[in-house]
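Sharing a structure with you now.
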Amino acid sequence: MEPVVMSPPAAALLDVAAGALLLTAVLVVWRRDLPTILRIFTAHGLALGALVGVLAWAQRSVELGLVTIGVLAVRGGLLPWLLRRALAGAGPARREVRPVVNVTASLLAVAALVLLAFSVSVPLVELGESPATRAVPVAVAVVLIGLLVLVTRRHTISQLVGFLLVDNGITAAGFLTTSGIGLVVEVGVALDVLLAVLVLQVLAGRIRDTFGDVDLGELRELRDR
Amino acid sequence: MTTPTLAALAIAPIAVPALTAAGCAVAGRRTAAAAGIGCAAAVLAVAAGLGAHVVAGGPVEVAGLRVDALSAFMLVVIGAVAMVAAIAAPAHVAAEVDAGRLAPSTARRQGVLVHAFLAAMAIAVLAADLGVLWVAVEATTIVTAFLVGQGRTRGAVEAAWKYVVICSTGIALALLGLVLLNHAAAHAPPGTGGHGLDWAGLVTAAPGLDPGVTRIAVVLLVLGFGAKAGLAPLHAWLPDAHSQAPAPVSALMSGVLLAVSFSAILRVKVIADAALGPGFVRALLLGAALVSLAVAASLLLAQRDYKRMLAYSSIEHMGLLALGAGIGGAAATAAVLLHVLGHGLVKSVAFVGAGRIAQLTGTSRIDRVRGLVATQPGLAAATGLAVLALLGLPPFSLFASEFAIVRAGLAGDGPAAGWAVVVALGLVVVIGAAMLRHTGRMLLGPAPDGPGAAAAPRRLPRSTAVAMAAGLLAAAVLGVTAGPLAELITHAARTLTGAP
Amino acid sequence: MNAVGWGLVSAVVVALAATVAALAVPRRHRPAVTGVGVVAAGLLGTVAGVVATTGTTWSVARPDLLPLIGLELDVDSLSGVFLAVGGVVAIAAGTYAIGAARHGLDGPGVQAALPAFVASLLLVPAAGSVGTLLYCWELMALTSLVLVVAEHRERPAVASAGLWYAVMTHAGFVAIMVGLLVAAGAAGDGSFAAIRAAASGLSPAAASPAFLACLAGFGSKAGMVPLHPWLPRAHPEAPSHVSALMSAAMVNLGVYGIVRVGVDLLGGGPSWWWVTVLVLGAVSAVYGILQAAVGSDLKRLLGYSTTENMGLVLVGVGACGMFAAAGSRALAGLALTAALLHVMTHAAFKTVLFLSAGSVLHATGTRDLDALGGLRSRMPVTTAAFGVGALAASALPPGAAFVSEWLLLQALIHGLPAPGVVPAVVLPLGVAAIALTAGLAVATFVKAFGIGFLGRPRGAGAAAAAESGPAALTAMVLAGLACVAAAVCPTLVLPTLAEVAGGVVHAVPAVSGTVAIELVGVSGVLSPVLLVVTLIAAAAAVVGALRLLARRRDRRRARLWDCGAGPLSARMEYTATSFAEPLQRVFDDVLAPEQDVDVSHHEESRYLVAAVSYRRELPDRVERRLYTPLLDAATAWGRAGRGLATGSVHRYLGYGFVTLCGLLAWLVVTR
Amino acid sequence: MSALGVAGGVLQAVVIVGGAPLLLGLMRQVRARLEGRAGPGVGQPWRDLRKLVRKQSISPRGTTEVFRVAPVLLVAMTLVVAVVAPLVTTASAVPPVADLFVVVALLAHATVVIALAGLDSGTAFGGMGASREVTVLALVEPTALVAIFALSVPTGSTSLPTIVGTALDDPQRLISPASLLAAVALAAVIVAETGRLPVDNPSTHLELTMIHEAMVLEYAGPDLALVELGSAMRLSVYLGLFTSLFVPWGIATTATPLALALGVVALVVKVGVVGAGLAALEVFLAKLRLFRVPELLAGSFLLALLAVTTAYVLG
Amino acid sequence: MLSLWRAIRRLGRAAEPAPAPPVPAGPAVAAELAGSVQVRHVDAGSCNGCELEIGAAFGPVYDAERYGARLVASPRHADALVVTGAVTRNMVEPLRRTYEAVGEPKVVVAVGDCARNCGVFAEAYGVVGAVADVVPVDLEVVGCPPRPETIVAALRLCTGR
């Protein structure tokens, strides 16, 4: 594959989009209020869309442009909408009351994770150096932050957000490295993610029905201790 | 064979279950049962045909699918285990429906989902493209999620949530790995390989892949597919899911799904070995193997639930597979493949047995089940033999495969594999002791007093008995002679050790 | 295929056919079918073994069987000895089994396992590669496990014994597997021929661990202390004919393994290997017989006696290795001959002992010597059989084991040429151990026979006992005759055994002679036949003289002398416990008995005793000291291990997250 | 089977059977004299035997053939030892049986037979005596075997004729440390095995202190005669063996009548002296408590072990 | 040990010279016993006076052993039963059994007046009768208690020495 030659404004835009991506991810960790988190998550999806858009613009690729629309629709529209619906059905709890690790510690962890992501990603950047690949560390950092959210958040919806952060990060990494991994796979992945979220949404509803709560900390029925 | 015939054959393992799934949605229970068995038989027959063809003529690529010895072998595994599950399922479902624990509509949905699950696994083993493989593996999660959560009890819902979250997260890591691998492939020296994530192309291109990127990719892939394969550290969904799913589904999940995911790791390993040398993946796999075994041992020692016991035993066996794969080489890889088949058969028998025990006693706690040999001789004998087979006793094929893994580890170059094998064997002994203790408590001793035990019929339902006997017999025969499968396994092992 | 091959293959085929038949035929005919199958397999195996001991070898390699392992059989004369022993024991056990299939023993599983067990017993010594050996070994473990737990419904101890057995045998198997595969790995191939060929080039770093691992595994099977605790549990709890098979045939294979691997495959090795074997053997012998001497459970006592006898055999094997390492091939041959002979005689008398113990158990419902007695008049054949076995086991002339122990002592006595301090310390200690063992064995078997069979019944079961059925009697008589034969004319087999042993250690046969056992190369001669003849002559002379001299020929029957007081009751008789009490007191430092006395007083006055309860327990001390902490540790581990699965999804995800971060950090560091 | 051996075998049988009761009589007489008694005379044991043989046999109810056969076996086994061991001549009547291990084990077997008879009676005393006897035997047997081992190491053989012959050829061996240690150990063995003080009191009337006597309380008449004769023969054989091993001089090495006569006289004198010495010594000893006996035997076992090690190290 | 040896030296022979053998022939079985009599002593209800004297008879001074008599522990070993005391109720059966336990030929010696005719205990409520009322008596020894010489003399009648 030919290295992508990118114009300086496009590169700058790409940087902005990537920065937004990281910022929104950090904000998700920062905030506790679920509606706010969902709004930030929407922004995150839009930032991802923007990132793909910049890439499409930089490469003058119509195909990628179409993908951009798809990404914006799914990541910025459909998924946040699904989440909002799930939150609406998730009962009165609207705040991440007591995360497994408190917010301050989480933020410090985020800092460490970002550092880790950046240092891990050095070979990724070095291989085929370009403005796009230079943003890959951000994508990796978003993945790790998403994982952190998954590990530390108790509310079903926040865990879903964490899962989607991971997914967004991977998508971003995919586009930043090689502009996608083949259409069939791409669509398959998107479908899988969507279905997974749907399944989780249904399950979240069942959790509320059977446990009467949406606190994942309550899920201790199956254990050996 | 002509190309269209081949294409039809290659698509059949996907199409037949898919059609059966559709059929189950409309058919009656009896028809669905017959269709299930027919579907498994078809998969098995097609696998045999493909296997013969591949052994004779090498791998073929057709219709976006790639049939090589490994995929043919994995199809055999899928078909064989599906057969056991399919024979046993109707009686299990009937008993559940009779007991009022299962609505008929849910039973029907179970038929649909199980066959969709089979189709997804068939895609996973036949996919030419690693991306498609990934999509299929993730699809199995989605399909089985509702099978796990079918009971709608607190436990079932909880298990389903954990299952989906942990597996999806793990598999997402694998996706990131694929993305990075794609990145590395894209920057491979021109002319060395194919395109994108096509496995054969990647294998050809592997020596030219950037080691730095490939390392990260491989770590993520092993971790990710390892989660789905039940390897530590992302193993924890497994006992919950397997203990909550209906017994035939547990049999399929434990017997095949784990193995299918593991075959993905095997495929990744081919690329990684070529790109990074054998040491890197070996270290990862040996580590995963030992941690998995240690986890299994720790949790089996004081286990209180027999379904979970079987689940942890699956983790143990996945650890053994990882051990064998980590040791590498044709002999160990062949052993790993045989182990996959043997474990699939025996574990499905064990889960079918456990399902029956649960139906009879109404509990899955070990200490509430007593004197099964006295009350249920057939069931107890089959379950006991299955557990003994799981511990690697002859004549079951697990003995041969474990032996060959150990032999390869101790004969191999470098002491790391040898020591890993010795430590692993120590853990295996602990696991064996724990499982024997728990199983012995359930099976042996005088018949318990009380009305419940006497009321149940002494004999197993015929179909359940046939399923269990067939599974055990197949595993035993495999332990004495693998027949034509030996050839297929040799070819598959050769495929996985760098000669596609 | 020669006679050996035909014999072995047909034995295995017959046994496996009996296994299949046991699953197919109706319950009524099942015991007869399996019993006959076992007997036939035993006969064929014996034939194969006997032919093999004469030097006919047979081997076959079928890589298409046993996937990934490959079936390789290779029968030489050493295998022949163990084949023949296994076969003979199987004949007796199979005969007994026909009559013993009551008490839930006629189920298809148990009945099918018996011939399969015999088949594996015959296959283990015939194995010609590491893989085949291990396969047959584990098959043996599986089938015997099924048999050990056969009576699980009757006694809760059976399940626990089965667990001990299964776990320890599994651990032993793993040890053997590691040991053999290390050797095979170093040799580059798993066939015995290849290992043998590569042995001289094997580095000590590979050979010594391999040998030690094998010693642990095989030694555990042979009941070697401290790896023995399964034995005195499993052997008594199994049905008696299975006990006989295990105790008389299966344990031998542990010895076979040590000889095969240490002497044959690894070519001898350094002296310290064999000092280890000898010392462990001596410790096993003394410890085993001490436990037997103070025990009162008839079958458990016999189980401990197995530990003792295998210990003696290991002393012989160890001495053989020591001598071989020192270059005294002839002595090595003598020691090995003694060991092999003891294997044979032990098989003979342990079979008869376990079978007659089984007969007693069936007739009285108890194994507790304290509740037995007076069986002589009620079960005459059983008593005679046990008597023959007990005489053999106590190693008194003209008993069977005396000859083998005599040979063993001869080997040790002539071991003086072995240079160095170690033999000067080890050999006398070995002799002392054998001597102590001999003394305690006498005490043990006087107790077992005298208390169990003579005197008057101590319990209702013994009082109501009746002789066993014809099958059991036939089996006991057969085994008893084997015992007598081994005692009177060991010269029938000794030269052959000596040739076998000589072949293994590359020496000329150490023993010759037809009437008397004559040692070759060293002085020493013994003739059991002449001894018996002399004894009979002397007894005849005594009886004749008495007839001549005695004036009154009538013999008056009188009541027992009870000091003139009322009739003697069974409670006044000495029991096994009281019989062994002096010995227990002598050895209480070693045995560490646990006893407590509870005296409860009347309410009115503490000077009035209402009841005294006395409880004494003799726990296996090795088990207490070594295994109890191990089990406690395992329990603690299990309890702690549960903490890994708390049910928290965050924790579960955290495992993966932390691992991922760790791995990524590792990637960064190692870049 | 040499002429010397046959002659020795016959002579030894006659001398032991005829002389054993006399030895017992002599020892009792010595003891009586030292106690200030007159004593019944050396021939009293023979008078006892004669009377017992004429008496009625009694089979207590419940006893089996073990009880009846045991006395015969006791005497027969001892007789075999008397025939095969080199007491009068260095050659043995049946050389393949004249092994030190065989001889000692046969004598132990005789003890076992009587112990079984004691158990067969099913009385409390029978069991008690058997238990004690067997306990002592179990502890004596090792000492005996190890002491034999010590004697055999320098000779390289356990064959009695060889050992005695070697000792005659090379008397210096007899005063080696190993030999002395072994002699002391064997002496303890003999004391314990023949039921002499301080291990057992042969003339006690108190059942609770008995070892040997308690087992044979049920015997009467000819059976008792055999038991008594057997015990007496055991004592003589043991003492004879002891003297042959450690004081072999006088033993016949050729089959001439003179040598044989000398051999008989030497045996009678040696055994008589040793027996009288033993009896005299007993006057000064009190019986040990039963549970102190093992200490004595453990001590002798240690001595025997030391003898072996010395034999090994000093050659 | 040395002091014991000195005592032995000082004492020398304590036994008194043997008196002449008793003239009257003893019971018929004496010939069969021929100089060897094993004695089993039964206390059928004695005041222990006779026991003291029997002890003295077997002591160094009177030394009954020199005539071939010896005390034994079991009636099976015995030829002579030496019975002392009037036979009390509790001892009737034991005495009879002891008598039965002795093998033929045998003699019974009733020692002391009580054994002969119950002495001062005649007609006492616990006494059944003299020894002869229970078992056949061959010899009687007079005296309350009898002198050791008398006892020895009776035993010599049995041994015939």
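A, B, C, D and E label the chains in the order they appear, each numbered from 1.
The definition used in the following text is that a residue touches a chain if its C-beta (ideal position, glycine included) is under 8 Å from a C-beta of that chain, and two chains touch if they have at least 3 such contacts.
Quick caveat: nothing in here was measured; it's all calculated off a predicted structure.
Steps from chain A to chain E, taking the shortest chain of touch contacts, total 2. For the pair chain B and chain C, chains touching both partners: A. Common partners of chain D and chain E, by the touch rule above, are C.
Most remote chain with respect to chain A, judged by CA-atom centres, is E. For chain B, the chain whose average C-alpha position is most distant is E. Here the chain pair with the top count of touching C-beta pairs is C-D.
We define each chain's centre as the mean of its Cα atoms; on that basis chain C and chain D are separated by 35 Å.
Here the spacing of chain A and chain D, counted between their Cα centres, is 99 Å. A straight line joining the Cα centres of chain B and chain E is 96 Å long. Work out the mean CA point of chain B and of chain D, and you get 76 Å between them.
Shown for chain A are the residues that touch two or more other chains, namely 120, 122-123, 147, 150, 159, 216, 219, 221-222, 224.
For chain D, residues touching at least two other chains, in rising order: 54-58, 217-218, 221. Across the assembly, chain E contributes 74, 76, 101, 103-104 as residues in contact with two or more other chains.
Chains that are in contact with each other form these pairs: A-B, A-C, B-C, C-D, C-E, D-E.
Those residues of chain C that touch chain D in the complex are listed here as 293, 373-374, 376-377, 394-397, 402, 406, 409-410, 412-414, 416, 423-425, 427-428, 431-432, 434-436, 438-440, 442-443, 446-447, 449-451, 454-456, 515-517, 522-527, 530-531, 534-535, 538-539, 541-543, 546, 549-552, 554-562, 568, 572-574, 578-583, 585-586.
Residue ranges of chain D in contact with chain E, taken from their complex: 32-41, 44, 47-48, 50-51, 54-58, 204-207, 210, 213, 217-221, 224, 283-284.
Within the complex, the chain C residues that touch chain B are 64-69, 107, 109, 130-131, 134-135, 138-139, 141-142, 145, 149, 152-153, 156, 158-159, 162-163, 166-167, 170-171, 174, 177-178, 181-182, 184-185, 188, 190, 634-635, 637-642, 644-645, 647, 649, 651-653, 655-656, 658-660, 663-664, 667, 671.
Interface residues of chain E, counted against chain C in their complex, comprise 42, 74-76, 91, 93-95, 97-98, 100-101, 103-104. Chain A makes touch with chain B in their complex at residues 1, 120, 122-124, 126-128, 140, 143, 147, 150, 156, 159, 163, 166-167, 169-170, 173-174, 177-178, 181-182, 184-185, 188-189, 191-192, 195-196, 199-200, 203-204, 206-207, 210-211, 216, 219, 221-222, 224.
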